[in-house]
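Structure below; questions to follow.
Letters A, B, C and D mark the chains in the order given here, with residues in each chain numbered from 1 onward.
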Amino acid sequence: MSQLEELASRRTLRHVWEYIQGGSGDERTLAANRDAFRRWVLRPRVLVDVSQVDLRTKVLGRTVDAPFFVVPMAYHGQVHPDGEVGVARAASEAGVLATFSTLSSFSLEEIAHASQGSPRWFQLYLQPDFDVSRTLVERAERAGYTAVVLTTDVPVLAVRDRQALGGFAIDETVPIGNGDRVVSPNRAPVRQGEYYRLRSDAASTWEVLDRIRAVTRLPVVVKGILTKEDARRAADHGAKGIVVSNHGGRQLDGTSASLDALPEVVEEVGSEVEVYLDGGVRRSSDILIAMALGAKAVGIGRPVLWSLGVDGAAGVGRYLSLLTLELATSMALCGCRSVDEIDRTLVGAAPGSTVPPVRR
Amino acid sequence: MSQLEELASRRTLRHVWEYIQGGSGDERTLAANRDAFRRWVLRPRVLVDVSQVDLRTKVLGRTVDAPFFVVPMAYHGQVHPDGEVGVARAASEAGVLATFSTLSSFSLEEIAHASQGSPRWFQLYLQPDFDVSRTLVERAERAGYTAVVLTTDVPVLAVRDRQALGGFAIDETVPIGNGDRVVSPNRAPVRQGEYYRLRSDAASTWEVLDRIRAVTRLPVVVKGILTKEDARRAADHGAKGIVVSNHGGRQLDGTSASLDALPEVVEEVGSEVEVYLDGGVRRSSDILIAMALGAKAVGIGRPVLWSLGVDGAAGVGRYLSLLTLELATSMALCGCRSVDEIDRTLVGAAPGSTVPPVRR
Amino acid sequence: MSQLEELASRRTLRHVWEYIQGGSGDERTLAANRDAFRRWVLRPRVLVDVSQVDLRTKVLGRTVDAPFFVVPMAYHGQVHPDGEVGVARAASEAGVLATFSTLSSFSLEEIAHASQGSPRWFQLYLQPDFDVSRTLVERAERAGYTAVVLTTDVPVLAVRDRQALGGFAIDETVPIGNGDRVVSPNRAPVRQGEYYRLRSDAASTWEVLDRIRAVTRLPVVVKGILTKEDARRAADHGAKGIVVSNHGGRQLDGTSASLDALPEVVEEVGSEVEVYLDGGVRRSSDILIAMALGAKAVGIGRPVLWSLGVDGAAGVGRYLSLLTLELATSMALCGCRSVDEIDRTLVGAAPGSTVPPVRR
Amino acid sequence: MSQLEELASRRTLRHVWEYIQGGSGDERTLAANRDAFRRWVLRPRVLVDVSQVDLRTKVLGRTVDAPFFVVPMAYHGQVHPDGEVGVARAASEAGVLATFSTLSSFSLEEIAHASQGSPRWFQLYLQPDFDVSRTLVERAERAGYTAVVLTTDVPVLAVRDRQALGGFAIDETVPIGNGDRVVSPNRAPVRQGEYYRLRSDAASTWEVLDRIRAVTRLPVVVKGILTKEDARRAADHGAKGIVVSNHGGRQLDGTSASLDALPEVVEEVGSEVEVYLDGGVRRSSDILIAMALGAKAVGIGRPVLWSLGVDGAAGVGRYLSLLTLELATSMALCGCRSVDEIDRTLVGAAPGSTVPPVRR
């Protein structure tokens, strides 16, 4: 598994690779996301009967085969022709929840078809015209998506030097899967001086949650929360879930690692809404730490694109399968027979580190 | 923006580059200035209407277009023929406050002319003969400078190994813009054993502030303060502003980062005088952190010389414009619609770091 | 002594070397084991009469010549033909306690013979068929082993990338010293996807301690404890000793360093059972720190294999002799004349580090 | 000054260089000595009249021109033919106190002659025969040395891998300056297995201080103290000064940095005896930090040998002169006009560091 990133770097076009890997600003938050896991240690228990380890959990009321999920990322088609359809198929076979972006290379209906009845969520970027947003949500509901994930941390695009330097833009030949009415801020080259592209949703406030909830019966998950203050607002506006996230270090640089923000969010709203986390998750120990700190499920981002780039749907399938096996192994070594047994007593602060207080 | 430093290093004469980049002693403080920003994280809020972001602020009663300013640095002419006149023009066009050194390559009147009515401050190195100091201040007042910035952290020149090794001296052919009566301690090669050049102002005490205030109606800003004790004295002696600064790590090595000293200064005198900061500021997140900790405005040093070296006035203009755009972007991503909304709740201590206590 | 590792790396077959050196996962715990010692400093006392320094101590009632011991490791024969018989001979000559693995290259009887009456412990991997376990324990008791060390942290094998990548498997031609009925999980190549090899003892619980104690008069030492909770259980189930250990960073990745776990285990059960430690121990200062924090004796792992690889039994003998001499020197420099004088007052927290609290 | 070490490394024989530079064990303490200074920052005050800066201080009642001194080191003759006589001459010209080792290349009388009336201390290694020790002390008193520095941290020689690997031994052709009766533990090659060379003084206890005081009127300074417990004993046995030291990281590896041990020693006995420090001191900021934490004077070790190796007595003179100038500069930049003004308020804990508490 430790070879995956390097393998992918060799098989991916340079400018696409920089787009995937890069963060914003000095990539401080990008690095922080990984470092944060080092501030916690696992406290394993031995001589527990772990002959059977059950990875299943319930997310928004639906059972999934593992407590991790694929986060929404734009244009999988840039990485491999299998695109989101390949990821959907692999996730479905692994019994893993996947989230698909408004900015997908395939239409959400095509992706749903490939998901074969497995749980899938639709990620919404608010569109300039709310009618377009509404239509997307209605299509998602019809296509069997079981939640709408509203991304809130992109009112404007952040400055991403790696993309600016590489002159990256989504290739014009890559279709916008969800139709031409969808606005994609990435499709023209980013030139210096153009960083502050005012997006149509820069004016959106928390009331937009109420508008979305008015047009769909699907639960709404708010993605991009890093503070207890915003977690409180999300809960008060009817969100059913929150993804603690800093957009993989790709938006505001200088924020805390998402793992560092998790405890305060869980403390504030953990008893009311489900709290998830993404950012820097690579291996099973990361998943265990995040869950011990209160995450209901944990999102995987870049590794999915890496494995997609290496071998399409088959690559993603292999990665998800390895991660599942590793998680089962690690749970066994922790003495946890089921996801319910992963709790705060499983982790401790790494000596030499100060960690956010956890009061639960 | 992350390429600027490297680009500049290739376009600048080696000994000038070492002069610009170098710090004193083991360059411990030079490094600390940058590291300090890593000890804080931003706490962004989402779903705020950031369709309009207003960067304007008031500094000593005058409105500027952005909450950052150019710090005083000697002899811009070494870096590019445009010199201070170029910087003045670029700052003026960006609506940004600039401070110009006693030791400028152009006369303060030429610089004022290029500033086209934009706000500009005059930095004063106390001269052996106080009459020379007085004359400089009077000329600055006549030329429309709106404040006198008294540098206090150079009673003697510090030991700077990089300069000593490179035998650096300001080129004799570079004119002293403000006239031959101005004493420039850098104009002879620094030889080993000559470090302790007793400057004429080594005997100056806080009373000198009263003397300066007696000869000008301009507000006096004291630059080079790192402790609450000195901040108190500056306020008591009638300073209207304080620049928390360690001279960019070029004077006493081993001091705290200027950012680390900011909270205690703000706590002591923040309600009485305006507090600014320079040292290690490179990008918008640095500016946001310093302002959240109480800085009224934030000074930019080396990047201005870098961009001047790369492309003269045009280069500086491009840098200031990029920084403005990046700051607007970052404020939007923080959920701050105006400079007033940047407050202590925007930052938190990075886990794993201890930070100076902030009691406000 | 600092050259040993490098020397060994050049004399050992690549895939065997990766097997010896490697840890699991991201090798986070492997590194933590070493780093932990840096968080403590020694507080030496001078002008103590150290003309005689006595290294002897009692372990489970038997006197040994030094307070360190050889930890159990599989298949020494892979490293050098002298194998466990060579290690036994060297340990015996040094008067040092050695522990031998169920998965040894020689039979436990051959090893016992080479030990020449010196103290030796038998490490037990629980076997699919408890009768096999029982037979092994009975043979060990007959062969003069003085304790059974039950390894508890391998209910399943962890994911070890280095082995997976190298396709490592114990060479089929290396005999299983203790007979064909012993199950060895390492003897087939580890393929991707096969990480979760459910071992026969995955179902074992603390009751297994009672079963073992019922079939032997030997004291049982429980190895692989990292929490006070498990230490309590071990003591309650009649263990006479506990090895605080994370299997040398080879099982669950992300645990604390074993040294970091030592204080809480000592605090919980130190007055009831003997507590030992292994993991990251290389030199005498490591031993002193662990003992000061309450370890009765300290286990040495990889260095024994390194010295075995470099020069067989003679190499091990030289290493043990050097370590003995270095420990005597360091005790003298600490002002400790005997092992009893190594106590909590000998160490302090390294500034800049937070360390686990020690309340004794 | 930052070039000195590199320059010296090129001009010194390899095995002598390793002897000078090396520490014991893993050289953990060697590195800690330097790192410790990074945990403190200077808090400079500006607009103080520093036109005159007075570096003079009193050490054991005698005025010296600077608050730093040369520590005792063996066999300067290995580094340069000028040896201790050269160092004595340079120190004398700089008005700096120097300490000379029992194991000098020149006789203590020759060194005294070169010192030309400047203050000098004699360092004593206890000899197998106390009569030899007594004779040395009597000779030192007659030769005008003004204190005896008793080294206490070498009851046995520590394991120093660099020396062992290089087969270092003091060249037989280098004379023992103080006569053949003096025992030098370094004069035979150190072979592996010989680390624990029991020195004659391994049996010495604190009573030896009383014996020395009985044979001389000179004040006795105890060198090699790292704990408050031993500082108390030294004071109780009549020491007039204490050098907080870990023998430059060359004896027990794993101790705290000497700077880290300074506060507890000062707190315990600072009002009764003079406390000095050596270990890791290179530049003026190091001296200021140590003095702010209570050191009466600060010892310089390796840099003296480096400068001696580069250019003999002239090199040492240049180094001492540069250090004096740099210290004067730094004091001026701190706003300290005299050594008396260097106090606890001059330093603060570097953010991100925990430092030993200082209660004075």
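Heads up, the rule we're going with is that contacts are C-beta pairs under 8 Å (C-beta built on N, C-alpha and C of every residue); 3 or more make two chains touch, one makes a residue touch a chain.
Since we're looking at a predicted model, the values are computed, not measured.
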If a chain touches chain A and chain B alike, it appears here: none
Same or different residue numbers at the chain C/chain D copy interface, by half rule: different
Remotest chain, chain A as reference, centres from CA atoms: D
Fitted rotation between chain B and its twin chain D in degrees, CA, nearest 5: 90
Intercentroid distance (Cα basis), chain C paired with chain A, Å: 41
Separation of mean Cα positions, chain C and chain B [Å, integer]: 58
Junction residues of chain D, two or more chains touched: 353-354
Listing of all chain pairs that touch each other, if any do: A-B, A-C, B-D, C-D
Of chain D, residues touching chain C in the complex: 25-26, 28, 32, 35-36, 39, 152-153, 155-159, 161, 165, 192-193, 195-196, 198, 202-206, 208-209, 224-227, 229-230, 233, 251-257, 260, 353-356
Touch list for chain B against partner chain A, complex: 1-3, 37-38, 40-51, 282-285, 288-289, 318, 321-322, 325-326, 328-330, 332-334, 348, 350-354
